[in-house]
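Both of the next two complexes hold chain A, though its partner changes from chain B to chain C.
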Partner chain A sequence: MTLEQLALENHGYSYAFLDEFAKRELRRRILKAIALPGYQVPYASRELPIARGWGTGGLQVTLSLVGPEDVVKVIDQGADDSVNAANLRRFITRVSDAASTTDATQATIIQSRHRIPEERLHEGQVLVLQVPDPEPMRSVEHDISRAREMHADADYGLLWLALYEQLVRYRRVTQGASYPVMVHKRYVMSPSPIPRWDTPKLHQAAHLTLLAAGREKRLYAVPPYTDVYPLEFTDVPFKVEDQRGWVCIRTGAQNKFMNEIPNEDGTSTHEMSDTGYIEKLLNAQPGDTYYDNNGNFYIRGYIRS
Partner chain B sequence: MYVAARGGEGAIQNAEALYNDLKAPIDADVVRAIERTMPYLIDRVMGEGSLYAPELAALALAQTGGDLYEAVLILRAYRSTQPRLAYAEPVTTKMLFTVRRISAAFKDIPGGQVLGPTLDYSHRIFQLDVLDGKAAATATFTPDTPDAPEPVQPVAPREYPLVADWHRMAGLMAPLEKHADQDPSDVPDVTREPLLFPAPRAERLQSLSRADTGGILALGYANMRGYGAVHPTINELRLGYAEVQVRHPISGDLISLGRVRVSQAEIVTHFANSATGVFGANKEKRQNHKEELALGFAATMGWNEIKVIAAAMLDKAMDLPAPHPAHTEEFVLYHTDPVEASGFCIHYKLPHYVTFASGMDAMRGANQIAGDEGKSVSEQPEAELVAEAQE
Partner chain C sequence: MRPTQTATEAASRATFLALMGALSRPGMIHSLPGDPQGDELRTFVAIGKALLDLETSYYTPEALLSRKLALTGAKGRNPAQAAYHFYPHLYAEDLTAIEQASVGDYLYPDRGATVMIGCRFGERAGQCMQLSGPGVLNQSPESRIQVSDVPLEFWRQRARRIHYPMGFDAYLIDGQKVIGLPRSTKVELEAVPCM
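So, the complex of A and B:
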């Protein structure tokens, strides 16, 4: 009997890369996050073979959920073929043997950086949003311990004040992406740097949204059918990006979130940011979208402006 | 298996291939040469990667063409998947097989100053003979085999006393608190639990131990230059080998797993009670208590003197009742992790066109309102406004 015979075969890495202890921790924290909508749950956050700040939070959540039966869609800024999305998809499918798709309605898990698909997600789907900074109050309170206390007290006065200051200075709210939202009437949450166009899609959504920051070691959730409202003053309603009149050069579509592509003559061309939706418009019958072709949000009256 | 999108995938594979084509190929000999000729680089990678594996650290450096942050990330990503099999027995400073220990606080110290291996007093000039192919300055001392070829008399002591123990005997420093034997699995572990503030001391020292050398140096240097009320003296700096021992799970016998290179620094400050404000506004207590010396401490795997000196000073600075904003515990520990800091820095290379567009929309909207009212939106340059709107 030699030592070699006694030793177990070298298995390299675990299924879906993370070891079972890490997965168990993540799943427990995810359950806690679902139980406390919008509350930032601290977690250990393991290092992954992808650079920190490149979606390692979302990736840990995806890896803790994915199984060989899953169908995964990965997008970055709405695009499936963006280099970072391609890289994450390559990693997830390589370590989990899950299938991949560009069709938002076919995916069981959608990992996304900075976009929510245009087509309405349905029950049973999980949207995993990558989060650079989970703290909606970072700009008004950089001390994390203090911000945690303010969340505990639901003390969001400074955040309202910041919006008010924008209004006074620029005559409108100048917050771009990452527009802060109130979740389940309790916690103010950063929806990750999705454009304001995507923010309403979180409200009373049929799907589960998990948001995870790897570097900052926080994850949080919006369970299905949860109230999510942008912070807005009664007399100054929340506004999505004004892209009226922008026409997608590839599909002719309007009233979907567009990329603005500069031309040499100083003008711009527009193209839909959601490449999976472009593909469907060109090749198949797309499903229902959050905004109709006239730009009306599917829950009437939610967007007041 | 159906693969969704191919456009970006070919590009990233070609990019990686090109990266590898632009450097010489690596093999086992190259890795071994890196390990043997650059122990201090290996130590830095192992310390920041928080995994003592010289061969893997050398491989990581070879694979990444010497990109330090990439090498550390490979080590960390591998480490994070490794299970906890056992907890080593505690190692005390006295138990170290010490090869270098110096104190700046006294001319001589019990046990003696031991200069050991250092470049501190070398002339930093090139050994151009090496390039000419002439005989190199050969090393007779190989760090991996600390046994000197010819033992000298008297033989160096196996253990050296602690300088801090002398302070304690002299009544200049508070005695060490007695701690009951702690189950090692109860020690907080920064790699298994998220860091929250105020952090347990174990987590603070662990974080400093795996922190980025450059980051710790920058913050520590700011403190040394005057941004802080800590006026430190190096009480004791040690380089040595620590024997890693575990108990056999069945027989209970102590087994040695080998020695690892470690470094540690203790810095000392005067008037610790005033400086740390332990008595706060309690004047009576303050008056009745005598002033004491206090220690700042840091240790790391590998020999990395700059890091442990700067980290020990920051350890003390973080204890101040009102530290400089750059020396609060949260600021120091959050901003000196090499993997997190470097990762976030390079993430700005990723496309941000959705967030940029959202900010542009807000800015155009603000400009339009201002235009309607016949005045400029603000004195602020546009770039600044976009950045603000993007937040």
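So, the complex of A and C:
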């Protein structure tokens, strides 16, 4: 046996791009994040051949998880075919030999920018959300050291005040995406800029959710079957986007999250944001969804409005 | 040419996925990769290889295991400073070391230690426990576990030292099987056996 036979071929980079040292560090942080639902764990965000701010946090988490037997789905605002999603998917599959799919229920790892699929994810699946800003208190406390102290003290008074001020000024809560949520009755967390429509899907979910910000170098998690509640006042319940009456132009479906497409005459048409679900509705039998065809969330009583 | 996964990389990843699955679903038994007929330290060495390197530290009262873990590059430290504790057998005298294990602080609770404990699952003489918290589905079979070869005092010590979010996370290891007990899991001891 010669050294040449023992040594691996030089490929220029490691399996799944990140070296084992980087993966071990990420994996240690992921385990701590799971043990502390909603708590932001600092990590050493590595350089990737993709600029920070383009999903490098999610990408690093995916690369630390992925193996050749995995099936990966990557979406950007619900779409499998957007430039960001297509490039990340091509990169992940190229460096890991994993298969890819557009079917949310068949994927073992779903990396997503700003959406959670319409179909209910199941146990064993991992949802990786790309996060531009992990700090839910950024708008009320710009100093991140002070914000960390406030998380330590569970001092979320300023966030409640911000919601109250929205009510006073506009008679409604105007916070849309990144709606702050309380995880396991301890940490307030930004669920990443998913629409309010998707926020309830994190509550008591069967799947594991990992959220990572590459630029901000923090990652956090929501384990399966964990309480996740949006901040809401007793007399002003949390509401999802009101899209009643909107009909998907491609499938005729209603009560799913839609994109609004402006027409030249000033009117709008609508199309479901989740392109994988559109594909299934058109070609196959889709699985159970978080919201039924009448817009009722699958956990009765969770959305009080 | 695409790089392929080496056997070492594959083993590290499989070990990590088992630990991740175990911590995500406390009480549910997950299988670690490796030879079930190997020596009794094999699982602890495999976990060491998956998680330890020169950025981390460990403590174990077992001299042979300590030598094997040192090969990862991690620093052997005293119980108060070590990020990872390994106890292939947990004896009553080891509880002094666990008493010193880091629980982090309110600013950085993630600095709490991780403790690996060798034990036996499901034996009639074991202590039955009811689990609740994140990852535990109410009334599911895995919400009750029966564990033997862990001193009863450990469970009282765990309850006393965990002030969520501060605390330590534990993995119970029986051969190739692992159960995760993050600090977020509430453990209630039951007076009668599970089965």
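Note that the second predicted complex is superposed on the first by the 296 of 305 C-alpha atoms of A that agree within 3 Å, B and C clash if a C-alpha of one lies under 4 Å from a C-alpha of the other, contacts with A are read in each partner's own complex, and residues count from 1 in each chain.
The criterion applied here is as follows: contacts are C-beta pairs under 8 Å (C-beta built on N, C-alpha and C of every residue); 3 or more make two chains touch, one makes a residue touch a chain.
Fair warning: this is a prediction, and the values are worked out from it, not measured in the lab.
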Which of chain B and chain C A:R250 touches, first, second, both or neither: neither
Which of chain B and chain C A:T102 touches, first, second, both or neither: first
Which superposed partner A:P193 touches (first chain B, second chain C, both, neither): first
First, second, both or neither for A:E241, with chain B first and chain C second: first
Which of chain B and chain C A:P223 touches, first, second, both or neither: second
Partner chain in contact with A:H122 - chain B first, chain C second, else both or neither: neither
Touched partner set for A:Y13, first chain B, second chain C, both or neither: both
Chain B versus chain C as contact partner of A:F21, first or second or both or neither: both
Chain A residues touched by each partner, larger count belonging to chain B or chain C: B
Common interface positions of chain A, toward chain B and toward chain C: 13-14, 21, 25, 42, 97
Residues of chain C that touch chain A when the two form their complex: 1-6, 8-10, 12-13, 16-17, 19-21, 23-25, 50-53, 55-56, 105-107, 109-110, 112, 114, 133-137, 164-165, 169, 182-184
Complex contact set, residues of chain A against chain C: 8-9, 11-16, 20-21, 23-25, 27-37, 39, 41-42, 65, 67-68, 94-95, 97, 123-124, 148-149, 152-153, 184, 186-187, 208, 223-227
Of all residues in chain B, those that touch chain A in their complex: 1-9, 11-12, 73-74, 76-77, 79-83, 191-198, 330, 334, 339-340, 342-347, 350-355, 357-366, 369-370, 373, 377-378, 385, 388-391
Touch list for chain A against partner chain B, complex: 13-14, 17-19, 21-22, 25, 42-49, 51-54, 56, 73-74, 76-78, 80-87, 89-90, 93, 97, 99-102, 113-115, 132, 139, 143-145, 169-178, 193-197, 215, 217-218, 239, 241-243, 257-260, 273, 275
